[in-house]
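Next come the structures, one after another.
Across the two complexes that follow, subunit A remains constant while its partner is subunit B and subsequently subunit C.
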Partner chain A sequence: MIRLEARPEPSRLAAWISPLVAAGATVVLGVVLFAALGKNPVAALSAFFVEPIASRYGIGELLLKATPLMLIATGLAIGYRANVWNIGAEGQLTLGAMGAGGIALAFGDSDSALVLPGMLVAGALCGLAWAAIPALLRTRFNANEILTSLMLVYVANLWLSLLVHGAWRDPEGYNFPQSKLFAASALLPNLLPDTRLNIGLIVALVIVAAAWVFVRKSFAGYRMRVAGLAPAAANYAGISADRTVWLGMLIGGACAGLAGAGEAAGPIGQLLPSMSPGYGFAAIIVAFVGRLHPVGIVLASLLMSLLYLGGESAQIRLGLPSAVTGLFQGTLLLFLLAADVFVNFRVRLTRAWIRLST
Partner chain B sequence: MDTAVHLIALTLAAGTPLVFASLGELVTEKSGVLNLGVEGMMLVGAVCAFIVTAKTHSPWAGVAAGMAAGAALSLVFAVVALSLLANQVATGLALSLFGVGLSAFVGLDYISVVIEGLKPVAIPNVSSLPIFGELLFAHNPLVYLSLALFGGVELFLHRTRAGLVLRAVGESPQAAHAIGYRVVAIRYAAVVFGGACAGLGGAYLAVAYTPSWVEGMTAGRGWIALALVVFATWKPARVLLGAYLFGGVTLAQFQVQAAGIEMPSQILAMLPYLATIIVLTIISRDAATIRLNAPASLGKPFHPDA
Partner chain C sequence: MAARENRPPAARLALRGITKAYPTVVANDGIDLDVAAGEIHAVLGENGAGKSTLMKIIYGLVEPDAGEIFWEGRPVEIDNPASARKLGIGMVFQHFSLFETLTVADNIALALSPRDAGRRGLRRRIREVSKRYGLPLDPARRVHTMSVGERQRVEIVRCLLQDPRLLILDEPTSVLTPQAVDALFDTLRHLAAEGCSIVYISHKLDEIRALCDRATVLRAGRVTGTCDPRSETASSLARMMIGHDLPRPKHRAARAGADALVVERLDVPADDPFGVPLQNVSLRVRTGEIVGIAGVSGNGQQELLAALSGERAVDAGAVKIDGAAAGALDADARRDLGLAFVPEDRLGRGAVPDMSLAENALLTAHRRGLVRRGFIRGSAVRAYARETIRAYGVKAGGPEAAARSLSGGNLQKFIVGREIRQSPKVMIAAQPTWGVDVGASAQIRQSLLDLRDAGCAVLVVSEDLEELFEICDRLAVIAHGVLSPAIPVQETNAEQIGLLMAGAASAQAGASA
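Up next is the complex of A and B:
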């Protein structure tokens, strides 16, 4: 029989290897899937993982899509460390885009240098406010934040749909459900010529670094880590569980809101009925694959971004459905969670097994 | 009078997928396992049921396929969360994300396909009775199946020895293990049952309720089903009540529009989600009741050595 034996301490080595194992297993599964669909696996892998980033423009796209992912995952990871399960980042992103879009539509013609910072702040605040709802319901009424934050994703998307079909619809837009294009003063400046990459990446990296300082060096961050690792000890030490929930939710919401503002003021440049191809959910995977650690999250966001680009490229080159991206995202997380068994356990073959097999 | 009866009949039909999914999740949770993958299992159940129905022209074969697909997906959860002892919340989330992706992928060629779905059966003679005919005897066969499932779950949990063992495993896996019950095997069974029920709920949507396949067609019903289990404080009868309550809320949007009241469709479409939040909040407010009724080991991994 195979038996799992608890390790006295989690293995740090296994903790860093298991994301690589998971990524490798996902690629292997991809090869099998491509072969089963009658595609040349080598050509498919190349279309998926190499061609999208073989050009300067491609690198720009990779970093562009990684930006919201690392931003959201960083915010979520702070909550997840403390066992605060905000899974509604997609909705908080939507609210952030709405907040930024509202500012852009109201003041976009003013040419003021304050429009763009105003949009980013409004986006972060709107995301924060949307995340405050599950935080309030959890701390005040004990309602499970997983379910409430997720329900609010649907509400947020319907609210955005209501606005772009109604009050914020472009009067000259031939009745399409979309807002006016934002003015130049409401768009993030370009970072790398000949690409769509904008300075949102710098903002995101600064926030990732700041989050690392918060988690590792601040007292509030320390209290949150204790609350996650040992809730009973945290309680005994007088660390407020409510405060932990509030901080975890609000930071996650603000980061997701900022990411939404970055999408509105960046690659999209207006408000559409859907502002994200599921970045809020993909960021959950990024947070886990990145081991809730800033460096890991940056790397994982690049991998996840590549999965998005690969899906688009495989659709164009090989006629593979781009839905394959969602499939790979889920697979990656499942493999990671499975591989994590080696972090906390040793696998032992017991005598019965050895006797049977000889 | 007729409209009222008609509305009640529609409410039963709209609540049925929630009855299936919530009852399944309730049994899973009673064994101490929290599987957040209901949405994914429902979607995969729906798409498999639809494809098999389209291929075989037999909705019943489709329903069976939907159940099997939901059960198969739940087995993935069971391996990762029960055998490999991963965090159940994270694994369930992963299963939902995976199910959304998988169903979108395999269902791609079936989006505009038309199938002959499962039709309501009018039971001869009695279905033409005034009022009671439509109310009781003219439903889709799966609606009756969901009621039978409710009866079965209620009896199983509270009137059988196996149900008692399942609940014991959920309350104290250590104690159940100590007296010789195979905790992990029992939890596997409970998870697979939950998966089959979620798949059945999805199948109902795809071959009976709307006969069609649309990406993400469950529209959050899997998550609402999870909320319903909390709302029901883990009691099957209250699951039934909650499911029909939410069935009624989903209908409200069509009824308001039919009544000619001017209101943006988006506001009406928000109602089920807002109702879920409100109801969950009201029920959870009483923390003591939740603590008393929730299976004591819910969500905690079990390893005999640890």
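Up next is the complex of A and C:
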């Protein structure tokens, strides 16, 4: 019989090794998968993991896609540490893009230096407001925020769709559902020549660092950690459960909204019916692969970004379907969860209940 | 077979040279222990003396590094609790191993072999056993609604249902009324007479002298003596256990001052169908006195404590702290008024298990200058924890040690120290010495007395009558959610309080009001 037995003291080292094991296992599964599809595994792996970042442009793309991932995951991790389960970052990102896009379109061709900061602030506030809905429903009506935040993703996408098909549609856009291209003053400045990388990366890294300070050094962050680790102790210390939910949801929403603004003002430069290839959901994986820790999240966002790039490259070079990206993402999370089981539990093979040695 | 016949009559359980070392400490160092059939055998020792480790080895939870275990003369390896149970070893833990969301019957069924776990028959057997041994239990009740004392009953009944041949009890009487202790002792003597061996862990030396046939004393992982406790005195046992004489708390007469904690006509509805509603509870605690609340657990103590601590909001005027209406405030705001609170659950409520002692100091002591402009002052937090560890003799690796790595008594000393060092005006302590060894208990009681003498109003809610009589100036009894008036301890005695606890409350309380 196989039994799982809780380890009394899970090793911290093992907790950090587990994402590496998961990443390794994902690669191994990739090799098997490519071989089964009749592709040369070495060439396929190279197309997936090496070629996308073999050039300066590739590095730029890697960092560009990692930017919203690390930003959103950082915000979500603060809530997750406090047992606030915001699953709707994708919707908050969409609202952030809408807010930023609204500012950009309202200012039109103005070259005011306030346009860009205004867009970022509006994006963060819109994401925050969207996250406030599940927070309110949770604190007032005890509605599960996992469900409400997730459902609001689809509501957000429909709102965006309504706007780009209607009020905000580019009148000279041949009826395509998309807004006007933003003016130069509404675009994030480039960071690395010959790439699409913009200063959004710097903003994201600053916010990751600020989040680390918040969680580790601020009293509010401490209280949120207590609320996550021991709810009864939080109540004993007078830490408000409602406040914890509000803070966790709003921080996550603001970060996701900011990421949405960054997409609108960055690589996309206009509003489209879909502003993200699922960054809001992928960031959940990033948060957990990164152990809810800022440094881990930065590394995990690079890995996840590579999976996006590799998926695109695999489509082009190997003719694999686009589902391969989601497949790798899901596989990575699955292996991580499996590896975590072994961090917290050990397997014991028990043949007999008792051995008598007479 | 021949060799076996030449042996002396086998003890039910014999340990030889049991050794278990952890990275920082040798918990058991060559321990020998013999428990005869039908014997009630005490294992005595301070926290950290190695009792718990030894019991975990017997129960298959911990594997010894060296040594042998003999069960009725045969060497055995006990790999896990299931094999221990199969041999006939039952254990009642100090920290309970119950599933809170399940009912009493479900929890008991989980520990039984599938054959015995049939529900309807099981409920009947639970009622039978609980009745026979004077441990009232409703099999359909969910564990999360039960108090510590009631949960312990579940553990005891669970063991008894398995017809154990060796029963290990860890501090079983700390949550019982004097009358119930007598009943339990009758139960245990009855079990022993039927041939069941009992290993009895306790710090209450009087109980051990009243109940046990033999005692093995541990100190720092070694056996320091085996004796017949009936021919020893409490102080000679204490000396074997801690190596020196026990400090007696210095109890001077109280100099009570103004009202500091006032509870007026507090009604709290029950949270759930099994909770106890508080009815018209009134109480005042003055500066410089200790008021005790006695009662069998599950009579409204949890509800009262939550209403006093601020974990549960009540009518603003029902609770006054230092003159200010505090009933509607949360726990943090009440602390701003000068309240400190030591809860009965240490891990998970009084302390965050996965956080360090330094971080746990911050939990309530943050108003002592440990936070500046919203940021944690790391060095000040560590200093506060270090000073608490030093002043209260907490055995811990230092401020960075995780709360869960401390023994129950040491964590309690830390929590008591953390609260007292905030110089509260009102201190509420629930079960301050539950499961704490005799040395640490004396220390905790002394610090509560010192706090009182410094002018603090102290309220102690405890199920340990000896403790209440030792430190309190006035005593009230809670039964079925009704609190009796507080009587000066000189004017009452354990029998009267015991009767009040057992529910004869209203008549008596009415008479003395």
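What we mean here is this: the second predicted complex is superposed on the first by the 342 of 358 C-alpha atoms of A that agree within 3 Å, B and C clash if a C-alpha of one lies under 4 Å from a C-alpha of the other, contacts with A are read in each partner's own complex, and residues count from 1 in each chain.
The working rule: a residue touches a chain if its C-beta (ideal position, glycine included) is under 8 Å from a C-beta of that chain, and two chains touch if they have at least 3 such contacts.
In this text, all values refer to a predicted model and were calculated from it rather than measured experimentally.
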item	value
Greater subunit A contact set [subunit C / subunit B]	B
Subunit B versus subunit C as contact partner of A:Phe219, first or second or both or neither	second
Subunit B versus subunit C as contact partner of A:Val32, first or second or both or neither	neither
Contacts of A:Ala6 with subunit B and subunit C, given as first, second, both or neither	first
Which superposed partner A:Val50 touches (first subunit B, second subunit C, both, neither)	neither
Contacts of A:Ser240 with subunit B and subunit C, given as first, second, both or neither	second
A:Ala210 touches, of subunit B and subunit C: first, second, both or neither?	neither
Partner chain(s) touched by A:Gln329 [first = subunit B, second = subunit C, both, neither]	first
Partner chain(s) touched by A:Leu20 [first = subunit B, second = subunit C, both, neither]	neither
Subunit B versus subunit C as contact partner of A:Met151, first or second or both or neither	first
For the subunit B and subunit A complex, residues of the former touching the latter	36, 40, 76, 79-81, 84-87, 89-91, 93-95, 97-102, 104-105, 108, 215, 219-220, 223-224, 226-227, 230, 264, 266-267, 269-270, 273-274, 276-277, 280-282, 284-287, 290, 303, 305-306
Complex contact set, residues of subunit C against subunit A	74-80, 82-83, 86-87, 309-311, 330-335, 341, 343, 345, 348-355, 359, 362-364, 366, 371, 374-376, 378
Subunit A residues touching subunit C - in the complex, by the definition given at the top	217-220, 222, 225-226, 229-230, 232-233, 235-240, 350, 353-358
Complex contacts: residues of subunit A adjacent to subunit B	4-6, 85, 87, 133, 137, 141-144, 146-148, 150-152, 154-155, 158-159, 161-162, 165-166, 281, 284-285, 288, 321, 323-331, 333-334, 337-338, 340-341, 344-345
